[in-house]
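The following pair of complexes shares a single chain, chain A, combined with chain B in the former and chain C in the latter.
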Partner chain A sequence: MEGIGSKRVRLFVGLWTGFVVIAIYLPILCGALAGLSKGRYFAFPVRIYSTEWWWRTVSSFEIHTLVTNSLLIALIVTVVAVLIAFFGALAFARYPWKGRRLYQKVLLLPIFFPQPVLGLALLLWFNALGITPSWQTAAVAHLVWIVPVVTLVIAIQVYSFDPVLEEAAADLGAGRGFILREITLPILWPGIWSGALFAFLLSWGNFPLSLYTAGADSTVPKWLYSKMVAGYTPMVPALGTMSTLVAATLLLLAGATLMVLRRRRAG
Partner chain B sequence: MADIAATGLPAERKSISRRLSTGLRCAIPAILFLIGGFLAPLVTVAAYAFATPKSFDVFRSFTLENFATIFDPANSVWVSFAWSVAFAILTVVLLAIVAYPIAYGLTRLFGRWAGLVSVLFVFPLFVSENVRLYGWVLFFIKNGVLDGSIKLLGGAGGPDILFTPGMIAFGLVYVYLPFMLFPMTLGLAMVPRDLVDAASDLGAGRMMIWREIELPLAMPGILIGMLLTFVLAVGAVAEAKILGGQSIITITHDIEIAFTYAQNWPLGSALAVLLMIMVSVLALFVMSRLDLDRILGRR
Partner chain C sequence: MKLAVVETEIPPDADPKLPLPVLQLVGVRKTFADFAAIERIDLDIFEGEFLTIVGPSGSGKTTLLRMLAGMEAPSEGNITFRGERINNLPANRRPTCLVFQSLALFPHKSVGENIEFPLKVKKIPPAERKQRALELLRMVRLPESYYGKNVMKCSGGEKQRVALARAFAYDPAILLFDEPLSALDYKLKKAMEKELKDLHRESGKTFIYITHSLEEAMVMSDRIGVLRAGKLVQLGTPEDIYARPADRFVSEFVGEVNVVSARRNDGGEWVADDTGKRLRVIVPAALAGSPELALVIRPEFMRFVDKPGGADNTLEGTIYNEYSLGSRIQYQVRVGEKTFLIEMSRGHAWKAAPAATVTIGWDAGDAIVVTP
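So, the complex of A and B:
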């Protein structure tokens, strides 16, 4: 049944997808190139490659503080977001209750909201409460946007979960904690893990919320932006590339772990 | 223990009445958090919007002066509103065209490669947008990658397109691609394959299948994608700043200026309120027509 038309569509879709993927990664490669060139100002083709700016970035005290801030925020955001979102996702997809439809829509509103405006709104709110913005407030700001995302990610897993399993266990006399530990959690683990991964990575790369709510503290994306606007050094693309590599490594590790676990379970 | 044993009873009414409270109880942390972290900030912004201009008298003064300033024809703030909305509409249209073939490939053609291809499109979300946009600056700038390559090949040098409105639109399309692609893929996955095959067997042409079956059935997902990208693009600021070189001031940039250099929080809040109203009305309108259970759960 494969006609010529269908083959043509296949070719077009394949080529187009390939082209867009290349376009997506092109600027990231340009950044990597700029971070590895020796000159103070970027010029292509690169005359002399050197790792000088990488070393300067790695050994800079200022950068250490940034990375610590970003890491702390991302870790706190991950833990809190997964805790809230786990129950939030059960309410989203598992239990039929009266206000569920409304809850589903309200919960998604922060995702449908321009982040810079959300950041400014949070800044005003912290100010009204008399809280000085710092990396802690930035973590709260990240959560406002990330909790709904993680809830959605876990909810998708919850949808594929058959409530009959929990009911059968209850019929057989299992307690609430036992059911959660032995049935609900094991089935939902993949969703929880990908939710945690999303939380960490989205927080790690977030810029608009950190810009307004981190106060005097800086995170990696915030620092990069301030240097892009004024005071470019090759440390900017170097740190940008490193930050990208951290995210890529995490994603690869998570993917590999998932594959090993799946294989072990199958075998 | 006793009540849990009761839940398992086949009596449907009993288990529903219990679940009702369980669902609400699970939702409480998220609801409380969003009241404190989302609703309260929005209320604060709304309150500031009615405060005396250039003051910090929130909750203590009430005036419509800020809105009067915005709607004053002598003021040119509507220009940034117009730019933002125009950019957002353009972004949505371009993204629908760019993402559709990829979404189609992900649901129909790529088979076991679909997972890998999705990851390739998800990953950029985890790289801060300013890093990616700055990569484009390095690509398009004088002596950058494009310019240098063309010169290397004996050309006169790359086109001078950086810091133009077209470049901003390009940046928006680039950054928000995943937000169109994934909802669209979810939508296309809702189209039953047998239906397409049946129509094809009955002699329907490719265009007809697309217009009469695929598009209407995938519409919920496409709508979510359009809504998401519109809302995100209308509030975007980094693209115009980095790729546009501040040649165009978007509405969010105006809001930011009011909050920082101008130190006029009430005016900035009034602008933010207008943007928020636009975004929320649109979001609630589109979402009220969608059944999220069906889209996400494919039930």
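So, the complex of A and C:
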């Protein structure tokens, strides 16, 4: 038996790790390269690099509209999902009541619905109710799927929160509002932030629900898909890369903020 | 404290030497669904005393404390604070402060912020808060440099002190303690017990402490109440509880004891329940009519008897084992099916060979006679 520290094992682990990282990031890199090549169709290696398609993407009115749609949906979904999920998580992680377990399961079930089916079902509902699908209905559809996810994320934080802390605060004279501000929210912040981040990113990148429920309005993923089907230009990979970069930046910023906060708290 | 304190009128015939009760429980009962956690307790708690409620787990001591703190309302009866009924007064408006078993320190706040919490609630300006926090740090014997320290990085004993300082910052008339020392190691626990008692004397506040350890209670308390299945079975000084336990439960709670069941035979004499051997028993007046009794003999009152008539009551047995308890030696002696404990100080230790046949005994006056 060779130990984990032996040279051959280490070499194998290193190679395998490298392979996995490449397998994950190479397609994204190819997408980025496709958007940076001057030619209309992607060929490898790239013959002439150019930022032309990036500029066209940034200055396109059509793309402005759909980025605005995507952003609006994601922001609304984030705020609403966090609000619903925060109180929902408190209710189901903290208080014992009859039917709690069933409620937990029912609430989390939409996560496992195939999204196209969920999208279709919601579209049928909107039609039945006489609502014309638009980016607003897409936001509602996103919420149906994202609220359970965010509830789960925040609930994990709530489970590790000791309710005795609130009791202690009350015992030291604090009222409900003061306790929420000084104790509950600050301790649950990491969970709320991760929940918000999840909500934003899941909504920003969601395709199946938007495809069914956004009607004539388009979002970034929906546009990427439709342009792949017909009318491809390198603006597709350019926008795709930008979209990925926005998500990655957001994640990095969140990670950095969390690290700074931890450091400060550890002081 | 938003509580309007009403001066209680002292009845003209009241003994002026007796302190006034700061808290009074009258017929207090607490039920959860069908289960009665506390059964009709009447209890006067006096201004400035250190009262400890002792009981095994499930005896209702935490429920009792939570009712005093305002976290549970009694199902029946009344709790009054200096004459005013406070049954439903919420915890944040009571002049009480509870030090939790888990301490409940706020993990996202520094030592200083934890201590200042009740002052922040009262909207006291930051500079004044800090000054008070530093005073309190000194009071609980923590260095001032701890003010900005991460509370989660403090040791167990330091956390205790922070929790204490925070409770004192609230400046309650009554401090309540829910076994706050149970997580500490033995040595630190002993030191903290004494510090707590010193703090009690220095502050002059009323302390109500609950624990499952009578040993802990003995060290600190002015009075001890023993709780069993929601009933207060005895209330008295540590000396009362130790020397004159109200029943077998209390006597066994004090520590390891030998118990001999006795009954009156047809001739009206007391005999051992199992062997039928005659016993010399001094029966207290209150139990005179009782047909059965339990004799509780502490291991230090049990002894080896080397000549006939060396003790009022004797038993034949064999040495089973011996244990060193530090300054004392404990022997286990098998008598029939039962095991008796004998403790002697190390200097007077008896050289015992295992399985040796011995006579052990006790004097009638050393047995505590209780109802079985």
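The rule is simple: the second predicted complex is superposed on the first by the 247 of 267 C-alpha atoms of A that agree within 3 Å, B and C clash if a C-alpha of one lies under 4 Å from a C-alpha of the other, contacts with A are read in each partner's own complex, and residues count from 1 in each chain.
To be clear about the criterion, a residue touches a chain if its C-beta (ideal position, glycine included) is under 8 Å from a C-beta of that chain, and two chains touch if they have at least 3 such contacts.
Small disclaimer: the values here were computed from a predicted structure and weren't measured.
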| item | value |
| --- | --- |
| Which of chain B and chain C A:Leu251 touches, first, second, both or neither | first |
| Chain B versus chain C as contact partner of A:Glu167, first or second or both or neither | both |
| More chain A residues in contact - chain B or chain C | B |
| Partner chain(s) touched by A:Gly175 [first = chain B, second = chain C, both, neither] | both |
| Touched partner set for A:Ile183, first chain B, second chain C, both or neither | second |
| Touching partner for A:Val150 - first (chain B), second (chain C), both, neither | neither |
| Partner chain in contact with A:Ile73 - chain B first, chain C second, else both or neither | neither |
| Doubly contacted chain A residues - partners chain C and chain B | 167-168, 170-171, 173, 175 |
| In the complex, chain A residues that touch chain C | 162, 164-165, 167-175, 178, 182-183, 186-187, 265-267 |
| Contact footprint of chain A on chain B as seen in their complex | 1, 4-5, 7-8, 15-16, 19-31, 33-34, 37-38, 40-42, 44-45, 48, 58, 98, 101-102, 104-105, 109-110, 117, 119-121, 123-136, 138-139, 141, 143-145, 147-149, 152, 174, 177, 206, 227-228, 231-232, 234-238, 241-242, 252, 255-256, 259, 265, 268-269, 272, 275-276, 279-280, 283-284, 287-288, 292-293, 296-299 |
| Contacting residues of chain C [partner chain A, same complex] | 1, 69-71, 90-94, 96-98, 100, 102, 104, 106-108, 117-118, 120-122, 148, 150, 153, 166-167, 169-170 |
| Complex interface listing, chain A residues touching chain B | 5, 9-10, 12-14, 16-17, 20-21, 23-31, 33-34, 42-45, 83-85, 87-88, 90-100, 103-118, 120-125, 128, 140-141, 143-144, 147-148, 151-152, 155-156, 159-160, 167-168, 170-171, 173, 175-176, 201-202, 204-208, 220-221, 224-225, 228-229, 236-237, 240, 243-244, 247-248, 251, 255 |
